[in-house]
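Presented sequentially are two complexes of chain A, the first with chain B as partner and the second with chain C.
And then the complex of A and B:
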């Protein structure tokens, strides 16, 4: 046990009274149920928390743990079948359960407001941005048209949207994702609410856009002294915004406290599990495996009687942990840190895995000749200009890239959406054909051969794993059928042999062989992604093309899938092309990294070279934007202004010149930057000398 | 915008040409001589041959088609063999009659379907929703001739408050307005349920959209949510379907016109087709195509107005 003495304190912890006087939101033993045909589903059995004026509380946990349910319950918006089954929700001292519809309407949008996960679908597509904003003051304070308009314009400027006057008359689809989310935030803050509920506000945004939105929220929060409930599956974003963090598991708040305390001394095994599942600082596949949390969140009707986390907990003590529901105890010296675990005081203090406990043998990184060789690859689309297709111009989605990936290694491609990484993948798979340059797979040119014209061997050699396993598995086919058909199609072997092979594949991806008889809907997200990987392996491919294979998964599952990919690659020696926007995963998994921007490779090199200075200014900006799940890591953030220019308006010189924070002058706009090389194959396309680029701080990952 | 209208106009011309050629071909290859139909079964073969000669029916088909085409382009629609007069003399009256019927029915269908569809779809599964849904299925599944007879037996035979036929003559006992009530009712009953279900389905979908949740959590009242946020979005999908009803109302009203002896366009088309009256059928088909394509253009324009995503594409 360490310096922080844990103690059980009944009632109010002593420290609480001193801190902040005015509670905005109080949840007292709140229970939330959904009425379904099977009966009552207690999604959230009993949660208590208090949020004071200006405080920001982050809620984290895997999907299905009740975070969003709690958020909507706070807004008292649970749909037709949901209801508050117990306890009270007090907002500014008033019991929300007793409010009439009219009272509820008068606080929604004015005293409490919400920001949603998917900004595009949260905005009405047929009403202009300005009109949607103006509604708030018109409804809540009876403002005139002119007053409401003035207020809307002020808010648009406050969320740092360029040219509010023009934007005012635009429709949501004419804005980028980041701009849409700014509009939603502006709408939420129109009436200066005292509470802002944010449900995964940056999920789905590019990392640079996410960083800018998070900065904006942090600034506005301080300015307006708004209390925030911030829901996220990404611990890093929570660290950027919140001063407190609550960890939810299976509908229960298992740990809650000041963010620095929880991160320095996570005291619930589940919190520790979440932290261990993220690739930690400077870890990579060579020195520390990720630790996934085994098992999955129990279904609501099958929740364990005692500690809900017991079935997945490595510290579980049968009897003590499983006999009766666990009480919340206060922990640490401030008395603000509470945890639902009977063994808290006995657990060893949490230690982050560090690079020091390296144990795995280094991989064969430089062996062999390249499996995949890309030389000056171009993909241009013809954009017709006139009514009859006359005139027109070429749009380069991929504009002359040189890359190679050695046999058995992983090449990661990173960049914001619109950088050309998906087009590149399409050329590789033969869905699109290149318009210039070469693509060689094991010495065979494939860039101009459409997939229908490829021979069986080439088709077999390249297989894909997609982002969303839900939409890539046919819901009406059993897992066994999906796999055995892939095996028969790709390897041309008999049905009987394919059946044995199916079992072997399921074992390879650590799924029980009985899964062959299941349908995709009976599987969890992680299990489906395992099936997708097994399907890709069916042809024993030389090259696996993984397009964001873990970004739709929870962190705990993500860790398991990453480990699986590493494992498979080591055993089979296949080459992997890993497309991702998540730099910590790339840092962990890749051998080589290519940073793409507007169809060009800005930086390419071995993973340790790319992740250390000299950085290309774009790489530097991307890295600074990654939210790090550690409150002790403070870093200067480089906020990129504006969005990627459209490929039709490609800058003449350096493609990144329009947004670059280190632009040195007109040379950047006018001349294509030289490719500066170091020994070891590290290339950076920039006008700034390498020596100067080297003189920046190294980013911890 | 001009390019769009230009393209649509070209496609209108092209479609009209294609349809007229098809109609010509269809008549060419159906058995029976036109002159025989005109003269009746007791005419001698000689007389039939003479008439065929006089009408120029023994010339090659492309020559006749070309002649018809040039005549039509200059406004001469030819002579009806059935009505024994210029097509121009009869078609416009008939069209006018049908347009009155269609316009009244269409106005009622549009207003009522939006009203009932929105009312049903705004709260899926409510009592109101179920009542409207059942009623619309029932009315739609009763064929027009059945509901026509049914309504006539109540209002004409039993109550005696409405006329049983609608020849559109104001000399008799019944006013023109009274004569329109039953045909309009039958058409509305038959068509309304279908459109209501379209609007309802679209409304149900819109009500599950996240932006409706945004509107509610902004503090708007249910009424404001429906009128300001749901209505317009819910009209985007059914808009084209609603306009397609115009086609049905103008060219598909044969049954209603027959039941009520209504001197309309549909009945004329039916009679002309049975008598192989090619000039009348061609003129009527051209008009039907014109209506179809024009409503589509109007539909696209309205769609653009309703849906800014198309407008600023």
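And then the complex of A and C:
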């Protein structure tokens, strides 16, 4: 089998290859530890894997499972306190552990390269993009200035950046996030490395930009035959890029194999847990709750002796699972699927929702009396022209939106960053004031009243759950103080009564009452978000604003928080405004959906109507961009070119005209599109007739 | 369901503070600093018992040979006064004036910095411009102007230090407030109807405490130097009360013959300053960990 290392078409599952391609990277019983004050922390005890030429391996798992540590170990870039405590890392057949610093330097950036999550921190803000790219060939292959320049320009064109010549002299801050990430990828590929390590490369990007970057990575990988280690917490993105997937849990590789095999027949209970936690194609809040994985990743020093997943596993069998470390065994027919579970063969086969029964979109609840009515809402910021304020112009962040939400229903707002959805929420909270139009909450106008001037009833009626679990709670205050203060302030009751209420609230969000004494830093992200929800509930609000409440959390935790929100809403009958960019969550949770773009509502309707044709072209693009964690769902992807125009250069006609893939002609640029309505209250702002939009293929969701 | 879970007792304030102080053990540098500062604090507190002589009593016999002897351990000064006793008593001046000045400057600085950073707008402009004006003068010239105008006394030294230090503290606090006011917990507080005063003092200020404690510690050191400098320029405490800077000033002309007269008080000043800055380093080192 060893024979000649012939090149096969990359991207085909390795099991089908006739000639075994040569391994690029081999990890043999690799152990990684960090030296800390408490002693040696074995972050990764023992991982073995092989990556062949041109192959892409996705590493998934919750945060704190050692994915990034493994990636840094591959680069031999563990920092001062980290070290390789055992095993070997072979890169192109050479032992990385035995290499000198000089050898490592010559390999990094030329034979192997890394792409990080935040492109801004990977680029030097004081050097032009072109120069930064030129450094790679100059340093690694001693190219001349002219050669390096030519090479940099080709590479910029290859990552599909418009007008490479102009871009060459630009500085990183003059580019959008998506463009920056493309430059970083270009830089990583400059020296044609045989291995590319990508650590959450698309996490900070919008779905549409993410889709474009992922497509680019897939194309370049085929072209350059680069092997990729792709770390992500999003199973959908892994499906798009990789042909193999490794699932990591508490420092161990618990399951690894070809992507289709692992997804069709996930055999480790943890893999199943991760897959179940994603809102599946046919589920919605009324027919099935999401399945969260109970508990959380154990701290390194408290890892169990036997199977690391045993404490959270529903299939655990005391004794067999918990006595001794679990051996890796092969599973399935191809012999490429490995799993670390003693009960693999006894478990019931994983039932996977299929696209076939997915066409039943959820039914929206009938709208009750409107709780929130928004008419022609505008929010403009004054941008002063110069230092002394004279002149200046208005920037419309929210530009005339009409929406309503019925009592006890959920209205979801989706759109890319910069579409005005957060500004809209700020106007509702009273932290910002509207500059036009009306906002009525239960019949009271609140749009122009700042929060300080609102009466107690209104303050109590609107509460908010914020996005970032780390900034939502004051690090100096205990959880008990946070909650009792909110209860006292909003309901005006005594400190003593508030204390009992605090315990009741903690119970509502499924947290133990002892948490009252803890400080936020002692809580995990999901727990902090629960406290934030409890705080929002303190005044028994009628309207809960949730601004991306789960986007910073791991999928397993996400599911639990979404269940909690659904549960609370059903019990209390409060109205919820759910701001999100995650369309699968929106489809699961919402009754009505508004799609926003550049401060305008492009489409609004019941969730069933919005997730079915006719789609607004922008909605269509958004949906096509969502990575679906199912290798069997194939979909046409619409790649939107360019970024959202700045609100200062708002197009005269349809705001989406500059990027629209269905643009019909000059009318789009010149005239504001009419709002086309269907019988169910479904509105689409587009020049294309509804009949034509209806003909579009339906996306499975 | 009726059974309530007993809450574990929260450690009281004194205990929590002690636990924090014990953290300093982790930093050897911080321990040295804490030791030096604690030494001078104890000296100041127990001055009447420690000082072997009356600090202002002149011993004319000692003027024949003012160098250290068994009676005057650190020797006597140009007026025959016991240097050790003067240093011991002098520590009281420094350790009363410096903390008081820093405390007042911090109270004012935090308040103005919070207001400027939280409200922004015109009030921020006013506070900032005034700070700029004060900061644009060389500090030493300002001290001289203030003290010359008001006359040398402990109270006036404190006022001068407050006048100079406050704008610097305003700068720091304002910068941190600008950042902290954008946190979601501040929005949450606004949404439940908290007053601006509550938000500034309870939601924002406690989260700025880390860098402020370090800065306060360093500032105590600077203030110690300042008091020394003012004393040296004759703008410190009016004689005859012992004052470290003044002791150096009175005797530096005799440096070549009797170096001990100015050397010992100088050592006292620098050991306290070094103590404060090492302590600040230690606190910073510990707060950066975990």
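Keep in mind that, in the parts below, the second predicted complex is superposed on the first by the 666 of 701 C-alpha atoms of A that agree within 3 Å, B and C clash if a C-alpha of one lies under 4 Å from a C-alpha of the other, contacts with A are read in each partner's own complex, and residues count from 1 in each chain.
Keep in mind that, in the parts below, a contact is a pair of C-beta atoms (placed from the backbone, for glycine too) under 8 Å apart; a residue touches a chain by one contact, two chains touch by 3 or more.
Here the structure is a predicted model, which is why all the values come from computation and not from measurement.
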Clash or fit (per the criteria above) of chain B with chain C on chain A: fit
Which of chain B and chain C A:106 touches, first, second, both or neither: first
Which of chain B and chain C A:157 touches, first, second, both or neither: neither
First, second, both or neither for A:84, with chain B first and chain C second: neither
First, second, both or neither for A:474, with chain B first and chain C second: second
Which superposed partner A:136 touches (first chain B, second chain C, both, neither): first
First (chain B), second (chain C), both or neither touched by A:517: second
Contacts of A:116 with chain B and chain C, given as first, second, both or neither: first
From chain A, separation angle of chain B and chain C (C-alpha centres, steps of 10 degrees): 30
Least C-alpha distance (whole Å) that remains between chain C and chain B when both complexes are overlaid: 6
Chain A partner contacts - residues on chain B that touch it in the complex: 3, 6-7, 209-211, 213-221, 224, 228-229, 232-233, 236, 306-309, 312
Chain C residues within the chain A interface of the complex: 4-5, 7-8, 10, 183-185, 187-188, 190-194, 202-203, 206-207, 209
Interfacial residue positions of chain A with respect to chain C in the complex: 429-431, 451-452, 454, 456, 459, 462-464, 466-468, 471-477, 485-486, 489-490, 503, 512-514, 516-517, 532, 535, 538-539
Chain A residues touching chain B - in the complex, by the definition given at the top: 75, 77, 105-110, 113-114, 116, 118, 121-128, 135-136, 139-140, 171, 173-174, 184, 187, 387
